[in-house]
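Structures given as structure tokens follow.
Next come two complexes built around subunit A: one with subunit B, the other with subunit C.
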Partner chain A sequence: MIVCVSVVGHQNNPLYIQSFTDADDALKLHHIVHCSLDVIEERVNNPKKSGTTLNEAFLGLLYPTVNYKVYGYLTNTKVKFILVTTDLDVRDTDVRSFFRKFHAAYVDAVSNPFHVPGKKITSRTFAQTVSNIVGSYGLN
Partner chain B sequence: MVREVAESCVDTMLMEMVAMYSGRFYANKPELAARRIEAIGYQVGHQLSERYTMERPRFSDHLEAIKFICKDFWSEVFKKQIDNLKTNHRGTFVLQDNKFRWLSRVSIDPSPEKETEDPLSTPGESKAAQAVSMYLYFPCGIIRGVLSNLGIPCAVSADISSLPTCSFVIRVKA
Partner chain C sequence: MAPVGPRSGDAIFSSIDRVNAELFMLTYGAIVRQLLTDLEEVEEVNKQLDQMGYNIGIRLIDEFLAKSGVSRCVDFKETAEMIAKVGFKMFLGVTASVSSWEADGTCCSIILEDNPLVDFVELPDTCQGLYYCNVLSGVIRGALEMVSMKTEVTWTRDVLRGDDAYELQVKLLKQVAEEYPYKDDE
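What follows is the complex of A and B.
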């Protein structure tokens, strides 16, 4: 089950954080997202040690904590998408297709002329689209 | 769901934007009008770059990003590719478009209206050059917006010594 999705800008400023659990641990999820930014930096700056290809957008599993798994995705414009999930068996293809749809929704939200680049995404359409993508994740 | 817009609408909007900014908003201050138009182009370039880099893997260096602008980005926006790319390998790139789409309908009245005393100046040419240059701030802003969103701060200027050929000079800030 997806617990949290987040969009972080190129200066590591949060643009969008949304959690999908009823529990009150939103702060813990923020903390997890923040820590995963360090892992992304490490992966991008040291490609030889981690083994991932330099040019791929999908970064894969960033680090597994006790209860959660964190996946990362880095766009060409240095915007990072973070996905936190509690599933134990996660298929690579599911996560990749999730990020593809999420990227499309993000591009639509940023193309809004009233959106100021660098500020938080306040579009309700984006929030709705993200909820739909999360809802349909893993159902196929 | 792809929605299409007639190209004449884009042309008309660009003409009206230049006319409004240089004629009404900043009537006697062409530098300010130019700066505003370039800022609009910057935001448009910023947003377009998000959309057009979506499918691509990440760029490894500046030359890759410039080549992306010359090929994919230019064909998305202007339906053709850049005809000539020159670089001095020290941060300056010249993109030459032999038939710049947004200037294809521009014609300049070659006859100057009155004589001037200064024999060195050619008033008809300089007025024409200034009139056309207002239309180039928007594409310069677009290019600057795309590059800065890809992490490459730069300054972009346009050179129209021979219409309809248009050159964009990109100077990357090191």
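What follows is the complex of A and C.
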């Protein structure tokens, strides 16, 4: 079950954060997202020597906490997408396709001439599309 | 050389040079953004977009007549059909439809199902009175004025404001007779 998605800009400024459960504290989710940014920095600055290419957008599982798993995705413009989920078994392909659709929705939102890059994403269409993507996650 | 007969909108559209739709839409968005920054008043921006459209329209009509080869329209009904079917198809690549004719044949609505200018656009809360596509109304007004028709073009439905389609109301105010600068008896 996806708990939260977040978009963080290249200066680590939050651009969009949306939680999908009422049960959890929004602040706790903010903290989790914030901590995962450190992990991303670490991954980006010290690439693993095991053969993964430097241009890989999907960062994979960033770190598992007690209840949650956090996945990351880095675009070429250093904008990061964070996904927090409570699923115990998560298929890699599902998460990758989620991030692909999320990336497409993000690009549409940013193409709005009234969107200021670096400011929060206020597009209602984007929020709607993200809810749809989350809703259809894992159903296939 | 025999004159070229009138060609359909599709035929002309496929034979002329085209530009990337995203580039077009981003350029237009940048124009609107800049006008908003410069003028700050939404009403002023609407007027300016209309004026820009007017300036485009008075020049566009020649291009339209040259490329499409249409003959003189018999009445305003035919003119409106021509604008919707050939004009919009040729320049924007979308087909519009004409409807809601008034009884006297001087007022109609042109309906656009989709509009390449507004892909991805969402109006922010500070600009709710903005007619984002106002340049199109100016273009129609300018083009028709060059063929001796004074019209008034307004937006009745706009998707960016929550309606389901784009609808332009075109009202013919009067047909201006051709004026010659010389008096007949000189």
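What to note about this one:
Here is the rule we use: the second predicted complex is superposed on the first by the 135 of 140 C-alpha atoms of A that agree within 3 Å, B and C clash if a C-alpha of one lies under 4 Å from a C-alpha of the other, contacts with A are read in each partner's own complex, and residues count from 1 in each chain.
Here is the rule we use: a contact is a pair of C-beta atoms (placed from the backbone, for glycine too) under 8 Å apart; a residue touches a chain by one contact, two chains touch by 3 or more.
Note that the structure is a prediction, hence the values are computed from the model and not measured.
Touch criterion met: A:56 reaches subunit B, while subunit C stays clear of it.
In the superposed pair of complexes, A:77 makes contact with subunit B only, with no contact to subunit C.
When the two complexes are overlaid on their common chain A, residue A:86 makes contact with neither subunit B nor subunit C.
Look at A:13: by the touch rule set out above, it reaches neither subunit B nor subunit C. Residue contacts after overlaying the shared chain place A:125 against subunit C, while subunit B stays out of touching range. Comparing subunit B with subunit C, more residues of subunit A are touched by B. Once chain A of one complex is fitted onto chain A of the other, the partner contacts of A:67 are absent, as it touches neither subunit B nor subunit C.
Shared-chain residue A:111: touches subunit B and subunit C both. When both complexes are aligned on chain A by C-alpha atoms, subunit A residues 111, 113 touch subunit B in the first and subunit C in the second. The touching residues of subunit B, when paired with subunit A in their complex, are 43, 46-47, 49-51, 53-54, 56-60, 149-151.
Within the complex formed with subunit B, the subunit A residues making contact are 10, 54-57, 74-79, 103-104, 106-107, 110-111, 113, 117.
Those residues of subunit A whose C-beta lies close enough to touch subunit C in the complex are 108-109, 111-114, 122-125. If you check the complex, the residues on subunit C that touch subunit A are 22, 25-26, 28-30, 32-33, 119-124, 127.
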